[in-house]
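Have a look at these structures, which come just after this line.
What follows is a pair of complexes built around chain A, which joins chain B in one and chain C in the other.
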Partner chain A sequence: MRTKAERRTGGDLSEEAYAFLLLSPAGLVVLAVVLVPLAITFVYTLMNMELLSENRGSFVGLANYASVLGSAWFWQSLGRTLYFTLSSLVLETGLGLLVALLLNGSFPGVSALRALIILPWAIPTNVSAALWKWIYHPEFGALNALLQWMGIIKECRSWLGDPSVAMNMLVLADVWKMTPLAAIFFLAALQFINKALYEAARIDGAGPFRRFWYVTMPHLVPTLLVVVVMRSMEKFKAFDIFYVMTRGGPANGTMVLTYEAYLRGFTNLDYSAAATIAYLIAFIVLALTFSYLRLLRQEDIND
Partner chain B sequence: MERRTLAILALVALVLFSASALMAADKVVINALFMKQAGYSEEDTTAATREFEARNPNIQVELSFVPYEELEQKIITSAASGGYDVVLSDGPFTAKFAKGGIVKTVPDLAAADKADIFPGALDACVYNGKLYGMPWLNDCKYLFYNKAMLEKAGFNAPPKTWDELLKMGKVMKDKGIVQYPIVWSWSQAEALICDYTTIVASFGGAMVDASGKPTLSSAANKKALQFMVDSIKNGITNPKSTEYIEDNVRDAFDAGTAAFVLNWTYNYSAAKDPTGSTVVNDVVIGTIPGSGAVKSATVNGGQPLAITAGSKHPYEAWTYILYLTGKEFQKKYVQNALPIWKSLYDDPDVVKSNPDVVKAAKVQYAYIVNRPKVPYYSAFSSMLQVKIQEALLGKKSVDQALKEAQAEAEALAAKK
Partner chain C sequence: MTRALSPRRLGYTVFQCAAGLVLLAFTMAPFVWLFISSISLRRDLITVPYRFEPANASLERYLAIFGTGGNDIARAFKFALLNSLIVAGLVTLVGLATGTLASYSFARLRFAFKDQLLYALLFTYMVPPVVIVIPLYVAINALGLLDRKVTLVFLYLSMTIPFIVWSTRSYFGSISKSFEEAALIDGCTRLQTLRYVYLPMARPGLVATAILAFIVAWDEFFFSLIFTSTLASKTMPVAIAEFSGKNSVDYGMITAGGVVASIPPLLIAVLFQKYIVMGMTGGGNKE
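Presenting the complex of A and B:
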């Protein structure tokens, strides 16, 4: 006897086959634009795909990985990528938490503020990067104007012209843009905490800091992990902010792995090096994800 | 939704799709890629293209304009499929594009035409004796100076050598006329190598020798880089130069915060435009200083139009290129850029339209030099940008930076 569902589909196909049929166009698209390029890129990492090379197309095994991992520039760029990831992550989660605690209160205008805080996050990264490039402009920039007006500096100075300063300036621009995301996540988590817990803690004589540490924090840990996982992965892969603001300069001070891959692939025509760097980035992000996931699972068990 | 309805929709879509493909078939559509900044403007290129279509009713040209920084990537990614047929290339790309099979060779030109094109412009399209495009944009760097500042400091002629420039800058600085007399495009970008090419040549050297071997640790290279480093140290060069490209240099000059700049031709029309410039009456276009026996030097900024390797309509693409590079177009739009044709420089209309620039060009063109014409140029350039910046920012000594640059350049040259 036919089930109702089967009758509704009308044909001789089983429900599974019909579902598969309907999903197949989407599956084909994923195959064509994700899986196939991914596989081809991997093959490229095992070949000499340097367009200018005389041995183009030859199979080289793991030589690309060996040459990339054996070079000084890779480790320098990896170091800068980690610096960018870690420093902006710490600042973002810290600031995000503070903003969330503030916005969790009830005072006039709090809902307007909650809406307003989203704004930087809503701006596309290349737009906000262009915006910050102007803010940092060494002659006409708003940052110079502000600091001069406050009397902190006497004359306009360069913000993106020195390697170490430039990287910190990019971190600042990224923190400005992405703190709202962390804040919104934390705010959502804070709203779910049962108010009765605070009252109980207060009756037990816990001060504001103890209440935060023993009541609020445990509830925020899962969200904190989500924010850290998501943001560190995205930061590790960040490209647009570097492309728009510094293009890896000055003196390679902001040369991160993604930009390194771009430069080697699209400027130097060395597709094998670019593909290898891309795969190494993917491996690192994957490793990060697995370790975070393990952490998350442990958290679940502890709960 | 019923499956029958879905099937009907799919069929309708298929019919519409093939119909639109059929309708387009009687016209050859070619895609062309240009850049947004400097040279011929977007409006003028579009207007000229419409005119071309009117004269060649069987060809339709779709235009795209992107920033210079995106040109190379767009050309490379579309080369295999012929996504763009005609592309605006750049002199330093030619060797790499030719060897990497990115662009097609084009028919050789008639001897008379060849003789009438500036050698620097034509050179930018040639690799191993073959022509890989047609010169279109003709440009080089000039010295622009602020006449009022020079006069205030008691000078009535521009500097002829770098030493003179430094001395004049010192006087202007000491008199408080300008804080930093010269500003450059020395950010980690191709712009830095354009300036470096110029300075090295003006000290009588080159980055590679005639056979293409790197010579970055030569005396002239050391003198050039030392000059750059010293000029920052003694405050003649604006230290912000290390984060500037050409547009920032133009802005600084137009804002009246620099007495001297090196820049492309477009710096002149920008400085003469009262809507964005405070130096309309003070800007003068002149010749880049030299040193010792070298009178002057400038870098070739000529950009060719080329045909991608995957283009399915090379004949139509070449017809279009010949139109844009022809004397008629180059004369009509001379306000944007100077022609590639020598004979046009004596044309009274051309001279009248831009007398100062034509006069300066006639002198400066004699000292034009190319960036190294080696297939590994891009890797060479990005490596050298970092080394030069390390010296400019005081992270490495001039000798150390150039020694490392030479070693890396030799490794690039040896790579098979």
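Presenting the complex of A and C:
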């Protein structure tokens, strides 16, 4: 029977050839769209690709990296990228955990709330960004109206017009949209915890905080790690909300690395600087990827 | 029964309800505002002091988007929505077809460098689009394929395929091999076992994966911004970004477009919530 089955696998192809045949459509797309351009971009980082330069196309070694890493704007943009990444990440995981704990309980309306919580995550990023830009509007925005109505501020404020405030407003918009994702992950993890563990801890005299710390937290740590690493990669390369809400302004107050690379590549047409910034972003994301893979493997081992 | 009525228990429930209300308000208020803005007359939107309830409700913007008349923005939104629907639909279908072929081979066949190829695929998923965009632009420009929907489909496939392979592989892997062996003995070819054994048995997982792939393609902005320029291929996220970047922004029209653009993913999220949660949390976790 086995020979018959094998004969039927796909003509005379060996299992290995057959496997590569099935992989080829997916593999070709990924090769053409991601892997080859990834290599070409690296070559660009080693060349002078400035459109107006006389030496365009010449090999410059690591000069592009030296000039980017030696500039003040790169470190400022990196700092803002890290600020955005860390502050939104801390808020989203913290709030996501609180929301998940709340929704894991039972009280009137909790199942409806569980269904509604996912909605901000579902709407398109640009719709959310345009909506928050409208909420923050300096004259007619709902935030100004709400805070005035509550008596917290007297004058309208230009939330996105102040370089020191704008980034925090983008963080708030991002927290609104992405906290549900963290909450859903935590809620799924919470529902796998054996209820008997809480009973046992209660009988042993553990109060609610000790029960949370010694029973709940250890079960959430794997999920917490996955959420933190996955989300930090996404945030580090975030582009959409910066484009829609502030375009890096005001006064570069929200200029992050991805937007910087976009501007230099597609507005200034300086491909080598853009490619170099992009590669530096990629190196950082790669470092995060490796920590992600290590965490996943550790989880596999623990299972 | 007595515990349910104890004051402490009651106090906790009241606290839970209060926290739930705060959560509900923070989650839903922007949605309510999005909808109210979309049906308010323009002069009411730019009136101070503010009114939160619309003075004069009007559905004219929605009629403009779906009808034949309307201004330039309404026309642009209509075409952009259609483009988004075509592109995201094709990406989901073609992605599932090519992705399941690949993931079947990862889940069930033996070949050289299997693990390395799988991790290479996961690696491509992590590559930020900004890193590959310049050579892509140069090549697509040289091929004369700028501003074409098919270009976007091809580009988006590279974003969805790794994720589709990664998650369907784990669903396929959880199906017992004996089903496949029985089918082979009954005379199925391997491709037929994929069609008649794996795809039906992994259906919930495939639905979850398809939904997430559709949402990714529906939401994509960066490539669409770079590679489209006219209504022939411009997608919804680009149209929204473009009109909210103008100097005198028509927020009423943008919010109406935003509501329409949100309907497909919102419907999916409400109808298939169980699948989505499974797709997001089940891909990495192994129970």
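Miscellaneous remarks
Just so we're on the same page, the second predicted complex is superposed on the first by the 284 of 303 C-alpha atoms of A that agree within 3 Å, B and C clash if a C-alpha of one lies under 4 Å from a C-alpha of the other, contacts with A are read in each partner's own complex, and residues count from 1 in each chain.
As a convention for this text, contacts are C-beta pairs under 8 Å (C-beta built on N, C-alpha and C of every residue); 3 or more make two chains touch, one makes a residue touch a chain.
Remember, predicted model here, so these are calculated numbers, not experimental data.
Within the superposed three-chain model, A:Leu97 lies out of touch with both chain B and chain C [touch as defined at top]. Of the two partner chains placed by the overlay, only chain C lies in contact with A:Asn126; chain B stays clear of it.
Contacts of A:Val285 after superposition on the shared chain: chain C is touched, whereas chain B is not.
In the superposition on chain A, A:Phe266 makes contact with both chain B and chain C.
Looking at the shared chain after the overlay, A:Leu51 reaches chain B, while chain C stays out of its contact range. By the touch criterion defined above, A:Arg247 reaches both chain B and chain C. After overlaying the two complexes on the shared chain, residue contacts for A:Pro37 are found with chain C alone; chain B is out of touch. Once chain A of one complex is fitted onto chain A of the other, the partner contacts of A:Leu170 are absent, as it touches neither chain B nor chain C.
When chain B and chain C are set side by side, the one touching more residues of chain A is C. Using the contact criterion defined above for the overlaid structures, shared-chain residue A:Glu139 touches chain B and also reaches chain C. Counting contacts by the rule stated earlier, residues 10, 139-140, 247, 266 of chain A appear in both its interface with chain B and its interface with chain C. Residues 10-11, 50-55, 138-140, 158, 160-163, 166, 246-252, 263, 266-270 of chain A are the ones that touch chain B when the two sit in their complex.
Chain contact summary for the complex, chain C toward chain A: residues 13, 16-17, 19-20, 23-24, 26-28, 30-31, 33-34, 37, 45-50, 52, 98-99, 101-102, 104-106, 109-112, 117, 119-124, 126-136, 139, 154-155, 157-158, 161-162, 165, 181, 184-185, 187-191, 215, 218-219, 221-222, 225-226, 236-237, 240-241, 244-245, 249, 251, 254-255, 258, 261-262, 265-266, 268-270, 273, 276-277, 280-281, 284-287.
On the side of chain B, the complex with chain A involves touching residues 2-3, 69, 72-73, 76-77, 96, 99-102, 187-189, 239-243, 251-252, 255, 257, 375-376, 378-379, 382, 385-386, 389-390, 392-393, 395, 415-416.
The part of chain A that touches chain C in the complex is made up of residues 1, 5, 8-10, 15-16, 18-20, 22-23, 25-27, 29-30, 32-38, 40-41, 44, 99, 102, 105, 107-110, 113, 115-135, 137, 139-140, 142, 145, 148-149, 176, 180-181, 184-185, 188-189, 192, 226, 233, 237, 239-240, 243-244, 247, 258, 261-262, 265-266, 271, 274-275, 278-279, 281-282, 285-286, 288-289, 293, 296, 299-300, 303.
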